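Below is one structure; the comments refer to it alone.
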Amino acid sequence: MEISLVLNGKPITVEAPAHITLLELLREYLELTGTKEGCDIGECGACAVIMDGMLVNSCLVLAPQAHGSTITTIEGLCNADGSLSDLQENFITYGAVQCGICIPGMIVAAEALLAKHPTPTREEIRQALIGNLCRCTGYQQIVDAIEATAYARRHLAESVARA
Amino acid sequence: MSRFTYARAHSVEEAVALLSDPNEKSVPLAGGTDLLVNIRKAPPTFTRVVDVRRVPEMRIIEVREAQLVIGAAVSYTELAESALVQRYATCLAQAARTVGGPAIANMGTLGGNIASAAPWADALPPLICLDAHAHLRSVEGARSLPVAELVLAPNQTRLRANELITHFTLPLPAPDVQSVFLKVGHRIAQTLSRANLAAAIGRDATGRIATARLVVGTIVPVAQRFEEVESLLIGQHPSPQLFVEAAARAAEGLVRRVGRHWATEYDTRVLKALVVRALRATTAPSPTPEGV
Amino acid sequence: MHTHSLRYVGKPARRVDAADKVSGRGKYIADYTLPGMLHARCLRSTVPHGRIVRLDVTPALQVPGVRAVITSADFCDHGNYGFPVKDKYMLAYQKVRYVGEAIAAVAADTPEAALAGVRAIICEIEPLPAIFDPRQALDPNAPQVGPDRTDGKHPNLLAEHQYVKKGDAEAALANCDVIVEAHFEVGHQEHAYIEPEGVLAVPTPEGGIVVYAPNQSPFINQGNLAMVLGLPTNRVRVIQPYVGGSFGGKDDIVYESSAQCAKLALITGRPVRMLFSREESMVASYKRNTLSMDVRIGATRDGQLRACVFRGLMDSGAYASETPFTVWRASIHAMGCYRYDACDVDIYGVYTNNGYTGAFRGFGNPEVCFAIEQAIDEMAEKLGMDPIDFRLKNCLRLGDETVHGQKLSESVGLVECLTLARQLSDWDRKRAEYARQTSTEVRRGIGVAAMYHGMSLGAEGADYAAATITILPDNTVEITSGLTDYGTGSRTVFTLIAAEELGIEPSRVRMLRPDTNTALESGPTVASRSTVLGGNAMRIAARNLRQTLDLAAAHLLNCDPRQLIRHNGSYIGPSEEEVPWEKVVEHAREMGLILSAHGRWEAPKIHWDHHAGRGTPYMAYHFGVQIAEVEVDLLTGLTRVLKIWAVHDVGKVIFPEGAYGQLYGGIAQGLGYALTEQVTYANGYLQQTNFDTYLIPTAMDVPEIEARLIEASYSEGPYGAKNIAEPAMVPTAPAIANAIAHATGRRIRRLPMNLERVLLGEALQRPTTPEVTTRALFMGRA
């Protein structure tokens, strides 16, 4: 069937079977391999994307459910010119990246969190990441990176507001 | 082969018509958090999914005629964040916050949790505790039944093949009623319940317990009220002594219901803990209702 | 020799591959697709022990889309491989010995067709009596799982017993005033890397094979492939893509998948990719071994530890894998980081029909540390001493001789670790305060564990590594190492070392992907050896290249090389003329000098007398201490870890963000090992097949961690460095166990310390089914 959606800001239509997951649609039909498969049952969050403004596990979304939706993947979270966002840069600066397989899902989850709660505490950041499993980092530097990004964005917003 | 087709419903009428189409074996699809896991385990027996997640009537949360009405396609996130649910169905809002991380909570639905009827379903004890009714629709018409009667056995409900849960209703609790949901799992976060419990306690002007609901889940085959504990509480002043007695009666009640088996020693002890804590929480000096 | 402060080593640095990873551009094995690629899937055993009486793959070949099917007959010598015990097969030969063992492999146009092909294979297995309890594996009439032996010992004995012996431990114990005697058991642990296994094999025009595999050690894979495929090594190339975590787990199982895909690719002439579902990964892949331990330690009333007797039994499961080495490392570390007058350690492993076990971070040390650090705590308690005071009195210090007979002449930071951890955690106040708690519902506790961890391979084998460094025509620098980075950060470590030695910005240095075509064989990437072995090799390579550049600069500046000064990459001569690096490079080219170099480093020789149980097992030791503060719910058994303090002696920090990251991550893995990670084999059937039932810690399970890295410099390590990767997870579980004991008064001697063990003191036997496991083997796209 035809599935139309707005993907990383661009309207697209793709022909795909009804029974596949959004994860499979992204990785195999649209060749966007930044979103990862870790467990296929929605426990690890490596497949997380933002659908209609909400964090979802794309392995648990049937591809046709995304028809008419707006989807953002990790590829859409880089800047338009391909450079890294402030959050991505902070992930590097704070040492939040080791093997990297969980990182696309983490960054997507972090952006979803900051869109909803721009100034989370460390505890709130952790709570927001419980659906994103990491086996390498122990989460500490990931929380550091997100906290620093939130702080910098708020600081920037405040100076813009004052200007 | 796992092939099936997809249809999206835009109204309840359309949904039940699709579910009754004799040319297909159709099942409702809401959040997908259960269905997509299940089709990995065994080839699907259905030929079509009917997506009801966006049916407007199934997305509502409102008060109507002294009832709280919650659509079956309301997500856990919406339940947790709703001021109405926090105020009038506190234990349900609490349960919604414990089901898992944001990605699961954003897609998983109340109707899906009940229809899947897993033994550890977290929304079931609160709905039973709050005397909720499930409203079902099919091409044959509408019916409703108490949620307490909806689930027959683990993963088995009274839902007919072409039937859809459209919404739940529950009476607005009296102002003196406090409810709570407690859960124990093997991990601090995003974990299936090892034991869960919902309780609602109402007090009269003298402070005595006037109404009591205590619903135990996971360690029984189907979440259910422990009426014998409820009747012990009625008319009594809350006290640590009363809570211990209630806990003991709950433990006896558990053994009476499920017999003694491999988990009894743990289950009885954790049930006692949950009962005591639930009673403490629901008889604490009443805070301002959340969200108001 | 100039002493100068370091510019890049030890300073904040950017992980060199992080940009690829945060952008989603980095390619892991599942991200590779090639035109014409086939999809492979294995038929795996659904019984724990059996003889294959009929294996007919022809029905599979009739399934639409299936292109080839292979069995053990398609490999040289039936695909027999394995080191140190050559007991395994790339596909099962004659027998299956665990549920999940691969029997045949199918290549097809789609994953669905491959699975249909697997289902069509006729495989009749005559079940054989099976053994699941390691304690019965050496009974005279136990079913044979291990290979035949020629030395008369029981075939189910895994390789050899491993010993450490000093003096007469029994006699010494008899003279002790206080004895602690306890039995401990640790269960399996699943690596649970977030990326499941996968392999892509591409046949080459000259009849060779290129294999993309997320293994830790590409050269071992290459050697195995050459052997089982009957190809010369120069026609077998193994390339490691980005790896989504390994922790020891992506070796053997990935070598098998590599061989299976390679053979299918050679037969079909097409690329072949195999990807595991999480369920297949969990059932088929090896785990950390179990260990059943009996510990007796004795002390005199003055608080001096005198003797230790340690007995251990390890379940190796169906095959040996690396477990013979795990037995050895466990034996070396069993008694803990302390001085003893006498010691008697004897650990051995056995074969069973449980899933086979192999390398997992820590490699025997987390297992024994769980036991010995609790026994040490119990001894402190019996003596009426504070646990840290007791450790300070008995722990290894600079100049001490270990129980093995090794003099520690340098790099022993243990006392500093204990002292600093004590201070950071406010230990003394909390020990006193929590001892006075009266709550019967929720109680807090604080516990400590200390450890040491021998560096690199020790007596396991030849210990060397090699690196290359080349200046490319565009004046960027290209480096290779035979050791690989599967998330550990070694790529960044090697880059920083190369940059430091050449005196140029790390951003000018690029490391090639691990590739048997371009790297130099350096032994396996295991045992936390990369920084020292690979780092030293890189340092030597870079110095060799720098010598060439120094000569060119000296020639250009008309001076002696010793008169050269470096400034921001440039060279400055005695005339104070500053010449940019690129100009020196150009000049070197003009002089006809070759702008590349190799470096090879061999570890100091160690000596281990296996029969005497004495020697110098490792060149040096990592030391570390962790303190855990917990809150235990006495009514539900739930343990919350409130905070962890970790102080580790790593010799020298080279890549700070990476070192701390490894430490935090190791602690998280140790925390899961301690509290939530349950592996249950029920008559050989694994009950936990995905992350809904195998619980690894979430961001709410792991607390804030306060860590410090101490630098007790090791003279043979690059800039004094030792390691961090495995030691990071060794003391976590015993620190938590000791904290739980402090909180509850109950000591838990088994892992994991789950709800039931904490509440009841023992685990419950839940109902189990084989279907959970067998269903997992056929899951996925269908």
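Quick notes on this one:
By written order: A, B and C. Residues from 1 in each chain.
Here is the rule we go by: a residue touches a chain if its C-beta (ideal position, glycine included) is under 8 Å from a C-beta of that chain, and two chains touch if they have at least 3 such contacts.
Given the structure is predicted, the values throughout are model-derived calculations rather than measurements.
A centroid comparison over C-alpha atoms places C as the chain most distant from chain B.
Here A-B and A-C were compared by C-beta pairs in contact; the pair with more is A-C. Rounded to a whole number, the gap between the C-alpha centres of chain B and chain C is 44 angstrom.
Per-chain CA centroids place chain A at a distance of 30 Å from chain B.
Each chain gets one centre point, the mean of its Cα atoms, and the points for chain A and chain C are 30 Å apart.
Multi-chain contact residues of chain C, defined as those touching 2 or more other chains: 692, 698-700, 780.
Residues of chain A in contact with at least two other chains: 40-41, 43, 127, 129-132. Contacts with at least two other chains are made by residues 2, 40, 101, 189-190 of chain B. In the complex of the two chains, the chain C residues touching chain B come out as 112, 633, 635-638, 640, 676, 678, 692, 695, 697-701, 754-756, 759-760, 764-767, 775, 779-782. Those residues of chain B lying in contact with chain A across their complex are 2-6, 8, 29, 31-33, 36-37, 40, 49, 51, 53, 77, 100-104, 106-107, 189-190. Against chain C, the residues of chain A that register as touching in their complex are 27, 32-41, 43-44, 46, 73-75, 78, 82, 84, 88, 91-104, 107, 122, 125-127, 129-143.
For chain C in complex with chain A, the touching residues are 14-15, 17-28, 30-31, 191-196, 242-247, 277-278, 486-489, 656-658, 660-669, 690-692, 696, 698-700, 702, 704-705, 780. Taken in their complex, chain A has these residues touching chain B: 1, 17-19, 21, 40-43, 45, 48, 54-57, 59-62, 64-65, 67, 109, 112-113, 127-132.
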